[in-house]
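Okay, structure first, notes after.
We call the chains A, B, C, D and E, going by the order they appear; numbering starts again at 1 in every chain.
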Amino acid sequence: MGQIELKKVTKRFGETEVIPPLDLVIGEGEFVVFVGPSGCGKSTLLRLIAGLEDITSGTIEIDGQDATAVGPAKRGLAMVFQSYALYPHMTVRKNIAFPLKMAGMDAAAINAKVTAAASVLNLTDYLDRRPGQLSGGQRQRVAIGRAIVREPSAFLFDEPLSNLDAALRVNMRLEITELHQTLKTTMIYVTHDQVEAMTMADKIVVLRAGNIEQVGSPLELYRTPRNTFVAGFIGSPKMNLIDGAEAAKHGVATIGIRPEHVTVSKDGGDWQGRVTVAEHLGSDTFLHVASDLGQMTVRVGGEMNVRHGDTIWMTPDMTHLHRFGADGLRTP
Amino acid sequence: MGQIELKKVTKRFGETEVIPPLDLVIGEGEFVVFVGPSGCGKSTLLRLIAGLEDITSGTIEIDGQDATAVGPAKRGLAMVFQSYALYPHMTVRKNIAFPLKMAGMDAAAINAKVTAAASVLNLTDYLDRRPGQLSGGQRQRVAIGRAIVREPSAFLFDEPLSNLDAALRVNMRLEITELHQTLKTTMIYVTHDQVEAMTMADKIVVLRAGNIEQVGSPLELYRTPRNTFVAGFIGSPKMNLIDGAEAAKHGVATIGIRPEHVTVSKDGGDWQGRVTVAEHLGSDTFLHVASDLGQMTVRVGGEMNVRHGDTIWMTPDMTHLHRFGADGLRTP
Amino acid sequence: MARSITARRKTINTAIAWSIGLLIFFPILWTILTSFKSEADAIAFPPKFLFFDWTLENYAVVQERSDYTRYLWNSIIIAGLSTLIGVIIAIPAAWSMAFVPSRHTKDILLWMLSTKMLPAVGVLYPMYLIFIKLGLLDTRTGLVMVLMLINLPIIVWMLYTYFKEIPGEILEAARMDGASLPKEIIYVLTPMAVPGIASTLLLNFILAWNEAFWTLNLTAAKAAPLTAFIASYSSPEGLFYAKLSAASTMAIAPILIMGWFSQKQLVRGLTFGAVK
Amino acid sequence: ETITIATVNNGDMIRMQSYTDAFTAKTGHTVEWVTLEENVLRQRVTTDITAKGGQFDIMTIGMYETPIWGKNGWLVPLNDLSADYDAADILPAMAGGLSYDGTLFAAPFYGESSMVMYRTDLMEKAGLTMPEAPTWDFIREAAAKMTDRATETNGICLRGKAGWGEGGAVITAMSNSFGARWFDMDWKPQFDSAEWANTITFFKGMMDESGPTGYATNGFNENLSLFQQGKCGMWIDATVAASFVTNAKDSTVADKVGFALAPDNGLGKRSNWLWAWALAIPAGTQKVDAAKSFIEWATSKEYIDLVAAKEGWANVPPGARQSLYDNPEYQKVPFAKMTLDSILSANPNEPTVQPVPYVGVQFAAIPEFAGIATDVSQEFAAAYAGQQTVEEALAKAQAIATDAMEAAGY
Amino acid sequence: MATKASRTAARMMMAPAVIVLLGWMLVPLIMTLWFSFRNYLPLRGGDLGFAGFDNYVRFITSSAFWPAVLATLTIVLGTLIITVVLGVLLALLLDQPMWGQGIVRILVIAPFFVMPTVSGLVWKNMFLDSVNGLFAHAARAIGVTPVEWIIEAPFFSIILITSWTWLPFATLILLTAIQSLDSEQLDAAEMDGAPKIKRFWYIIVPHMSRAITVVILIQTIFLLSVFAEIFVTTAGAFGSKTLTYLIYQRVLESQNIGLGSAGGVYAIILANIVAVFLMRIVGKNLDA
């Protein structure tokens, strides 16, 4: 239960093709994260899967059944929206019960399910409150509660944490991960957040302008980005991409090295540069460096005593050097 | 130009005292960041300095002159608001020109200044758009543009980046830092964001309930937090604070150790614990560990092959151990 | 802006605002006061403000002359039902406009409003003939229909601006949760829009209550509302200010009281999306 | 059966409403009243009768509508009323004005003419005596003498208000005594005649001298109110007003009022009008019998006796029946004789000095009249108010009337 | 939202409102058009045959036509200007801190609930009347000759009444608009050195522009058909006859349905000219 397969799915809004033909298989029980720049079609893709938008061509199969023409309610999927989309006029209990009521379940059964879901989500004490009386994290949990009672074959999340503040985001991230470990239901999760993508996903799908750039586990993407786009997109701070003569030395069009894979010294090394900004976080120091190879960012663990204007030397860790051809693709 | 001194400033809203008597000196050209939990009075303090609120008692001196009774326009300060507070019906050009127009400057001079500011801020192409047609980062820059054309003796920023998305926030952070380096004007900056506070400030002011808990450079605060509040507040992930027997061993009420100052091993060490969640970011791995000392967070550089449920050993780096007395104050 | 304003400023504001408020309210106040005067006091010079012989005689006379309660009841039924039916028809239309907008949505909306600009007198005769044909003259049914149609554009517009503020995601959530379209509207949209619907009901109730052209021309005895009641006082023999005032007070009192009680709702709804 | 009656909101009609129970007791029929202000009433009933809406079983209409509607066959003839009713008792002038082609189509509830009502005390103070039949010159002179702006005493109050039933009626009746007419025998409007110019000039001259401020907006009600407050020396208006100005409850001058015939100009026609509010049955109604029984009741001698018994003779509906004026009790009412004399001195068929093709004293009973007269009276009102000259007003009136008459195909 | 199913549903849900309104517009409109080409005189026996464009020509060439158009526009514009200007000022005032704000609001909103006939009657008889009106009393009390408001200033009188009715509406919308202004914008302007007056012109007024357009749109719709106020006060005399009133006279007083219908068609044309004009600005302002 919970395998979703997209076959040559396309989507146009009027004249503009938002999703060019796209194939994707999401396995049962997987936690799949969609990432990509704003406007690349993440939400659209999710909504196509949910059935909230018609696909222009292609087919969507859920558990092997063609679901292309099936209405959103019938696909057996549950969605958690960015704004949570709780029903503000209903209590938490009614919110969670709503899908069951729509399914015509009898009151006793509904009650049992709601109680169960509430206890899983630590909402038991809030069942009679309205969404307006809840904190952000609690609302988030109600939205999830509403999704889980339906026992969907897959959950769809569209940037569910983006409205929360940083501290809460960390907590909720952990909670969702735990939920996935408990339920083992397929989850499709859209986010902008690097950390969320890296920490939660079994599989990350990187999208650009509706195209899939790469699919793989977080560490796969971190270690072996398929092209410069993925290389630049995954990882924070961004990978330094260097082209020109330095890249040519390695026989490729572009080389990439992550900020954490560069050793910095004040005395000597491979590349020389001048610090433009030094960001001291205590735990780390980020140096933004102007060098002959262009603007670069490097990370130094702990505290390093450099300031704006200092000259430093950088030495890349060759084992972590990434090489890309003229077409942007990784060369082995 | 740009020294601001607060002497025994207090502020009450009706019955509630939001700012108890407070003294603070902000030196010329300094970049001062106010941090503190929500509702602690950061915005209020900023607005008192700006003159947008009357102070209840005390005096504010700007460049040695008593400015307590001076109107906001006359204090020579410029403010960038959290919502940017752009004038939605005016073009970018008119927005930036507005303070100059109010000052009665002639059209040619205004034009020259606006053009100059726009080119500094990369807004030249957008001068004829309305704020509604700009992205968040561009709006932010217009707000800054409106502030710099006045050549104020100090800038006041109230959480200027909180409405932007993560990637943009990083860029704008660098831009503001560079701006400060270029203009060398005093800046007072309110933020919630750890990273912003650490990376931008010359001096951080930590507030709690209107009281100043500590003032100092970011690294000073990171290295020698004056009390447990500051210790827990500065640094991300948070410092692990441990009390009870383990702290007693060190002869104090509480000890603190930052996640980055703990060495992790699978074989042995000081403290044993079980991993509840392992977050693999590629560049780092964050481990959330349940131990006898309570829930702890540790950071491991690069990739570490641990999973949920694994048992690990943690060894604190004693040179970075923080000790706090029963009153919460640091003991030397 | 939130700087302390002096008590003096506040006093001055209060004084000016109260004076203007009373000035605006004065005609109504004067009408109410006059309704308790004798005819002689009503036109006395200098005018008597509070110190006159208060009397209820005028109300007694007015009540004796015409059966106020029947007019009142007709007004309530006609204004109430026309508004209610209007809202019921308008909710689906406003739903469509707000949540499934097309290129023509705005055109349709503006077209609807433009139907309100037709001069009513110009079509009185045709309407009268149609009403005769349909046997609707002097029936509440007929008036309910007409007033519903007159107010429908305003109702649609108000609901549309309200609905637009409701995030579409909530309706989508309902759809994902298995709600059919009618259920989505009944269980989710309508309850969420209750404040908006309430103020729409209110404003249109008032407009229907005060509508004086069709209600006067299409009724005789059975369905005549308060506008017809007042028409029989509009120029009685002699200028009986006190009786005129009593009748006027009786005609406006119910709506005035209702309006005051629901002021907040009304104001919020009145903005037609003009205020975001 | 329940019959619906549309009626005007004047005092006599409202009094009749309060006696509805007596009717119900007598016949078992109940009544729904639709009481409207005069202008609104006229619109409502006209729309209803022309469109055959059938909303009313009885309509209150006047001398203007009755012949036109009767001619179109829209009214039920009333020539078969019961013997008790004594139709022959109806004053011939009234019966004549409410008939078409010899058939009575509406029964007069009350009839009226117009006459001079004056303040005996002020007249005395001015050192003048009001003759039984004054001339306009005398009236103007007396008005000037009685006027005292300091005490807000106006020598004369007349209607100037736009509307054919308001100022239009007064000026038309007055124009008759000046020898003016609306149309010549070829239906040509006559506002370009010297007689009309004289009429308006005289009227405006006199009113400017001695009339109240704002007389251009005064109608019957305003003048009544002024007179009752003692602000008018003379008032030439409907005879029914006599009972209001002599009623001590509302009038401060009740015991100081004298009456005289409407003035003339020595041309053989007086300036009084003739009007009746009458009850008629629209042809479409299903309840003819019930309606007839109501009319018979409301316009009967019995009703007059009922009112007389309850409220005194001064309050009975006047001007409809000869028998009322033969009643010695009624003859004691101060204005009874003058009312009858005034009614008798008006002749709808020969309203003015020169011959006219129309019937009606202060109106012409043709369908176009109301529209034209309203427009024309608006022009006159503007002239009274000084917004245009008399010549301009008359020229416009002529143009309006010519245009409308052409449109109507005369 | 935009699945095929939902679009189909949307069309069906829109249908009832559109159909009834279309019927409400078309049926009388077509009948009016039909009558306007007929020589329809009910008092002369009804439909007397085809009239060609006679009615149209007669209506537009009548001396009353252009003054009526002018009167209509005068009343609409006059009321709009007064209500918007005073509405803005009053809204500003009510936005200030004061005691008893709620009650003042109740006082101010009250006229909106008064039916036009009643307000016409009350104003005409109890205030504007030159003998017994309060204004006249006031004038006399200070030794001035009372003004004949309805004669000397008919437009003023009518506009006074309509403005009194609509000022509350304008005030309340504009007040809500002012209250929705982000106070940081005013703070920013103050920091930028704008004094009170300039903050009003540069920040508050532009912020209210959308609300002002809505006020104008709604009021115009209702003011174009102002009738009771005129009927009760001047009865169309002294040049205050609006197009609506003129049609009323033709239809109901002259009983010339054909002519009145032609007038109705002209009124529709005028209304549409105004409408198009309005929609232009409103459409733009409502998008923003």
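Going forward, a contact is a pair of C-beta atoms (placed from the backbone, for glycine too) under 8 Å apart; a residue touches a chain by one contact, two chains touch by 3 or more.
The structure displayed is predicted, hence computed values, not measured ones.
Figure out the least number of contact steps between chain A and chain C, where 1 means they touch directly.
Shortest path length, in steps: 1.
Once you count every C-beta pair in contact for both, which comes out on top, C-D or A-E?
C-D
With chain centres defined as C-alpha means, what is the inter-centre distance between chain C and chain D in Å?
Their C-alpha centroids are separated by 39 Å.
Distance-wise, how many Å sit between the C-alpha centres of chain A and chain E, to the nearest whole number?
For chain A versus chain E, the centre distance works out to 56 Å.
For chain C and chain E, let me know how many angstrom lie between their CA-based centres, rounded off.
Computed from C-alpha means, the inter-chain centre distance equals 16 Å.
Take the average of all CA coordinates in chain D, do the same for chain E, and state the distance between these two points in whole angstrom.
Those two chain centres are 37 Å apart.
Check each residue of chain E and list the ones that touch at least two other chains.
Within chain E, the residues that touch at least two other chains are 1-2, 132, 187, 190, 252.
Check each residue of chain B and list the ones that touch at least two other chains.
52 - these are the residues of chain B that touch more than one other chain.
Residues of chain C that touch two or more other chains: which are they?
If we look for residues of chain C contacting two or more partner chains, we find 1-2, 43, 124-125, 129, 172, 231, 233-234, 239.
If you look only at chain D, which of its residues touch chain C in the complex?
Per the touch definition, chain D meets chain C at residues 4, 6, 9-11, 14, 17-18, 32-40, 43-44, 47, 51-56, 219-222, 224-225, 228-229, 244, 250.
Within the complex, which stretch of chain E touches chain C?
Of all residues in chain E, those touching chain C are 1-2, 6-7, 9-11, 13-14, 16-18, 20-21, 24-25, 27-29, 31-32, 35, 90, 93-94, 96-101, 103-119, 121-123, 125-127, 132, 134, 137, 140-141, 164, 167-169, 172-173, 175-177, 180, 183, 186-187, 190, 210-211, 213-215, 217-218, 221, 224-225, 227-228, 232, 243-244, 247-248, 251-252, 257, 260-261, 263-265, 267-268, 271-272, 274-275, 279, 282-283, 286.
Show which residues of chain A lie in contact with chain B when the two form their complex.
Contact set of chain A toward chain B: 38, 165-166, 174, 177-178, 181, 192-195, 198-199, 218-219, 222-223, 234-237, 258-260, 276-277, 279-284, 286, 288, 299, 301-303, 308.
Which chain D residues qualify as touching chain E in the complex?
It is residues 39, 43, 46-47, 50-51, 68, 72, 161-163, 212-214, 216-217, 222, 225-226, 231, 367-368, 370-372, 374-375, 377-378, 381-382, 385, 387, 396, 399-400, 403-404, 407-408 of chain D that touch chain E.
Give the list of chain E residues in touch with chain B in this complex.
Of all residues in chain E, those touching chain B are 182, 184-185, 187-195, 198, 202-203, 206-207, 209, 288.
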